[in-house]
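Shared between the two complexes below is subunit A, which has subunit B as its partner in the first and subunit C in the second.
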Partner chain A sequence: MTTMADDMLNLEPASIEALSRQMGEPDWALEARRRALAAFVELPCPERTQEAWRRTRPDLFDPQGRRIARVTPAFDLLGEGEPEPPVGMPFEQALSHEPGDFQDLRQGGPVFQEKDSAMNAAWRSGGAWVGIPRDRALGRPLRIAHEVPAFQAPGAFFPHTRIVGRRHGKATVVESFGSAEGDLLAAPVVDLHLEEGASLQYVLVSRWGEGTRALTRLQARLERNSQLKVLFLGLGGATTKAFLTGNLEGEGAKSEFLGLVFASGGQHFDVDTLQNHHVPAGSSDVLFNCALNQASHSVFTGNIFVAPGAQKTDAYQKNRNLLLSGKAHADSIPKLEILANDVRCTHGATFTTYDQDQQFYLQSRGLQDADARRLIITGFFQEVIERLEGPSLVAWLAGLMQDKMEASLGT
Partner chain B sequence: MADASTEAAIVQQIRSDYQYGFSDAEDYVFKSGKGLTRELIMEISRIKQEPEWMLEIRLKAFEVFKSKPMPTWGADLSGIDFDDIHYYVRPSEKAETDWDDVPEYIKNTFDRLGIPEAERKFLAGVSAQYESEVVYHSIREDLEKLGVIFLDMDGALRQFPEIVRQYFGTVIPMADNKFAALNTAVWSGGSFIYVPEGVKVDIPLQAYFRINAQSMGQFERTLIITAPGSFVHYIEGCTAPVYSKDSLHAAVVELIALEGSKIRYTTIQNWSNNVYNLVTKRAKAFRNAAVEWIDGNLGSKITMKYPAIFLMEEGARGEVLSIAFAGKGQHQDAGAKMVHLAPHTSSTVLSKSISKDGGRASYRGLVKVLPKAEKIRSNVRCDALILDPESRSDTYPTMDIGNQDVHIGHEATVSKVGDEQVFYLMSRGLSEDDAITMIVNGFFEPFTKELPLEYAVELNRLIKLEMEGSVG
Partner chain C sequence: MSDPLLKIENLHVAVEGKQILRGLNLVVRPGEIHAIMGPNGSGKSTLSNALMGHPNYQVTDGAVTYKGQEIQEWPADERARQGIFLAFQYPTAIPGVSLGNFLLAAVRNVRGAANVKPLEFRKELMACMKDLGIRQDFAGRYVNEGFSGGEKKRVEILQMAMLKPSLAILDETDSGLDIDALRIVAEGVNRQVTPEMGVLVITHYQRLLDYIKPHFVHVLVAGRIVQSGGPELALELEARGYDELLRTHGADAAPVVAGA
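What follows is the complex of A and B.
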């Protein structure tokens, strides 16, 4: 399932041809890599003075001197029941099989704004494609797993995942990113495109190994009356910076961005969410819960942008932080930029520790102190997890959180 | 005194919708040339007969000012030309103590602002800053007997140099930001208040600031110290006439609330729409002390103002209550900063803003909790109304929390005036205009009710004026 070439390529301009050849891509894909390389060279490095990089050092994601880890993802279905027709495959295979979904790459695009996105596109070394069929609802969640195995040199992994929800298609996709111990730079790019009336639940599980620095970019495009639920699950990795953006481009689109971070040890999570309301009558809802143990640090920056004319927008954003240790540190920057008046936009943020009233109540019912704490933390996660549909998915996610909690709290 | 011909010329410059937009013909004892030089700073210090140490502070701050870059965040400040500003203007030779001695043209200005009446009624002290110096100053005798010092800042430097030296720049260092450095270099006027131990000043002390000359900066410096167990409420109002050229106001206000004391500082800012209002306001609250900033922003072209409270010791409490009204061509970038440096401290921020006719209102705030500060409570609430599709509202809060044992909440909403509310009021016979004005007044009510009566009445009148023609 998971494979990696023995001879890892150096991360250098000359490698893109070999990479494209090894991955069996069409010629236009190599052209697209060349354009991305040119953009990568051209674009400036991010600076600490930029708002997005004030709390996480951008130089941690410098790819210099690394070798490229190439990983083919594994696909399976969660839960039980009838097998579903295959709708996903590795990204590089889809380039040949589903060229219609890659018009941007074939026609001189895309235009890169950020150096790291260009880096991913130039040295893309993995990823997946999913096409949700038109007018079909897929019952069982599709799971895609990317596992970077152990290797010697400092590595770099650049997967690109593209999910296209065709008109009135409906599905759940879970994507899990993991790695062995060792020094790895991972910079996944995910783009989600929902056509009219399409509906997608997408879960990104970030469970990297201890030596991984991850820079994740997720972009979603929502056409008329489409519905998207995204859950970002931050569990692993040493340093994580993530940019999650929803672009509401068709009237009546609805986006829900959920987040759950359990940070422990010296972990650092810095997540930016942005809901762009370009057109009227869109709704967005952000709920981001961060639990912090030991000397971990989390940053949540959320923005709701309402463009001029995007009337009847309904947007909500909430960030909750549960501080479990005296050494933990949490930042929250929930923003609103509203350029239309007939709107309802709200946000909230809270910081608390174990609620003493809750703890007292649980103890009065006979629970030990440690069990009461676990129950409080579990409740904090359930609030987010239960926003998702599908019992097999909810159970699997609750299990992941449970494992992380036990590992962090000890017994 | 303005004669008829200049009066007529001035009238032409006056924009009709700004009721304080009258201006007197300029008649000054000293008006500096435009631009800022080392020589000018030495000249200001010489005219004021300041001690050497103050001149040194000014010159050092001038160097800091030159070395600091303009802020790149927040509002657009590209319209400021530091070389096109008069940095010092003094209208008359000395601060007056009796109203009859105040020059006639200054009286005219104040008469139009309604200050003498207000004072006759019940004010404790009036210290009206007409440009750079305080020209009229009085304080009721019973306050003097209690040992309360209420002076203009220049007078305080002459009479109580040691107190000024002890506290000047201790809350806001000159290098805090470019405009604090500029103020430290060229400051003139402002208020100085010292309230002795245990004294509670039960009537508000008031000052009225006004910019008159064209293209001039106003750089007042205010310092308030409350000794343990004391209380004072200070009110400032700011108004400027309308000229075609932009002017700059860069004040520095430092408050020090010692153990168990309380300071309430109220500002009603109604600068005309060509003033850049870039003010640094910060307080230190010590053990069990309380500081409240009551901050109303109605005027100016651009305001950047984030009243801050450093909660230094256990039991300190901070509160900011602010409103902003951004009309045509205005950007109100205002907010609050709460820095919790000690355990068992608490803070509250309530911010309300309205944007209208293409105006932009932004809340920008900070709540910071240092690692050693446990048992913190903080609550921030921002509400914004946008009255038309051309206007804009932003919220930029930052929460930086370094301790576990905290209860911190932040909430913000942005919406329009509710259709149901307007419909209900119209069904009771109100016009749409009156209905919206009433809703806006109600929206600001938590702020208005904290003001002394005459200020609340004035504020409601100003809001009504701003709201005229908001329908259709």
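What follows is the complex of A and C.
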């Protein structure tokens, strides 16, 4: 279900009051919006001179003058088998049903560092909540779809998703974001909180429509011995800027951030990952594969921070780029800040075009030129996708990549 | 005598502007196994790559006829579909592509998609793997990625078994194999040879020919076949080495007048 606001987004409190009322929220949620709005007004606009914004124009994400789209997400389960107990609901419903998971908002909301985070919190217009029960392993992946159907342009959509993995709970959650044609600003915020020993596979499928500019922020908090696997799948949208951050706050936490981008046409993807090692004995592993066709552009900035005292940290990151056209362009920027002395930290980046030896090898086995190329690209993605667990999930993701590949390469 | 399966006439091949094959002639008939021996740099791998249609190997003169058709213009995939197979000296890794899926795609292309049923394909693949002593989990591993030298060569012969070619070219299939692996690979090849099939065994050393018995042995020096004979020629070469032939026929030797 989608509802468009009557008025264009402006900085008056009346606009957020109407939103909060329409979404049936408790009073404290409106108060949190008010504070977020104040922070949004207060915080400076990012400048292009700031490192994070050097390769993507920050002014593309100005919300003013747009109409807000309210979207209720759809929930279903991937694969086959027994139904699972319902563990998710729309974000605004969860505010009333699961107030315990929103202590931060009830206390007025966070102190915002970034203007875009405040923007999402002030004009939040969708999103989901998932609570993974304690000591339970959910067998089938939960899928949440946020689709903005035909809307009145220029539009804006601000979903917020919160997933809480309670102690020793285990689940897979797939979140997919899409939109109809037209000029849309989409700025999803995802926060993941894993309690001790919790385990989560989280997949974010970014398949916005052609006219969408997306600003995605994902923040994860990992407590002791928790395990997180994130996959960011960049397929759609005109311009995408994403910040994906893992905060390893408990000893023995393990985070794996995977990324797959298939850019085509004039698409622009600019993704920053940050692995924050605050405590000892954490491990992080980042693998980001970007395939670029036509005149597309990708930027991968991989940050690793190791705090003083975060000894025995094991951090690894790799970025592979496959350039399918002479006009495509990929940037890879590793940034390591290591303030502890007993750590293992490695990183690497590769840039390749079609490998002629691979091409000939496949052709010598009867595959035509175009089929050989498809197989090489498929392999490039499969390497990342197969890091995830669950055959239904892997098959679904492989299908998504296949669709994008066919659309991009043509027949 | 049956019609030639493969007829190579006066073949000249250049790689990156450098002439490597300089007038090679050879006829392979169905049921025949030919060995091509020669020192390093004589053009053995150039011959196999050129026969398979590698785009970097330019045929500058001469002709290759396969089953009565000139194949010069055929791309590699067309040659494969028509039954030509090359077991690579250095098989290429294809990350992210499992051996099973790769072979299914290959077999579908060569036999025609309608003729390949996944279940039967699977059965056939498992049987072939067993014959070659390849563990079943290799079907799920990425093509040649992290394989040892011996594993790569076995997997080449596995591909040959699945694609059932009319003409098989084995390029230095013995290199990198220990004696046990060599025996398994050679037995694998021997099981596949049919009276309709031609085999070209390209090798530096004689030892592979203890297992795959050739009907004819040719010596390739500086891009030409300088001597041909029966299996005894391989033993002779093993005994006396390539030095003498290099002195007489090598690139530095006096040029042979064309047509002489």
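The criterion applied here is as follows: the second predicted complex is superposed on the first by the 398 of 411 C-alpha atoms of A that agree within 3 Å, B and C clash if a C-alpha of one lies under 4 Å from a C-alpha of the other, contacts with A are read in each partner's own complex, and residues count from 1 in each chain.
Heads up, the rule we're going with is that a contact is a pair of C-beta atoms (placed from the backbone, for glycine too) under 8 Å apart; a residue touches a chain by one contact, two chains touch by 3 or more.
Small disclaimer: the values here were computed from a predicted structure and weren't measured.
Trainee: Clash or fit: subunit B and subunit C on subunit A?
Mentor: fit
Trainee: Once chain A of both complexes is superposed, is A:Phe351 in touch with subunit B (first), subunit C (second), both, or neither?
Mentor: A:Phe351 sits against subunit B, while subunit C stays out of touch.
Trainee: Would you sort A:Gln368 into first (subunit B), second (subunit C), both or neither based on which partner it touches?
Mentor: It touches subunit C, and subunit B stays clear.
Trainee: So, does A:Thr378 touch the first partner subunit B, the second partner subunit C, both, or neither?
Mentor: Only subunit C is touched by A:Thr378; subunit B is not.
Trainee: Looking only at contacts as defined up top, I'd like to know whether subunit B or subunit C touches more of subunit A.
Mentor: B
Trainee: A:Phe360 contacts which: subunit B (first), subunit C (second), both, neither?
Mentor: second
Trainee: Who does A:Gln311 touch here: subunit B (first), subunit C (second), both, or neither?
Mentor: First partner only.
Trainee: Is A:His329 touching the first partner subunit B, the second partner subunit C, both, or neither of them?
Mentor: first
Trainee: First (subunit B), second (subunit C), both or neither: which does A:Leu339 touch?
Mentor: The answer is first: A:Leu339 touches subunit B but not subunit C.
Trainee: With subunit A's C-alpha centre as vertex, what's the angle to subunit B and subunit C, nearest 10 degrees?
Mentor: That angle rounds to 70 degrees.
Trainee: Note down the smallest distance between any C-alpha of subunit B and any C-alpha of subunit C in the overlay, whole angstrom.
Mentor: Least C-alpha distance after superposition: 15 Å.
Trainee: Under the stated contact criterion, what part of subunit B meets subunit A in this complex?
Mentor: Contacts found on subunit B: 73, 371, 374, 384, 386-416.
Trainee: Over in the complex, which subunit A residues touch subunit C? Could you list them?
Mentor: 355-358, 360-369, 371-372, 375-376, 378-383, 386
Trainee: Which residues of subunit C touch subunit A in the complex?
Mentor: Those residues of subunit C that touch subunit A are 52-56, 75-77, 79-81, 85-86, 88, 91-98, 102, 105-106, 109-110, 142, 159, 163.
Trainee: Under the definition above, what is the set of subunit A residues touching subunit B in their complex?
Mentor: Touch list, subunit A to subunit B: 51, 308-309, 311, 321, 323-353.
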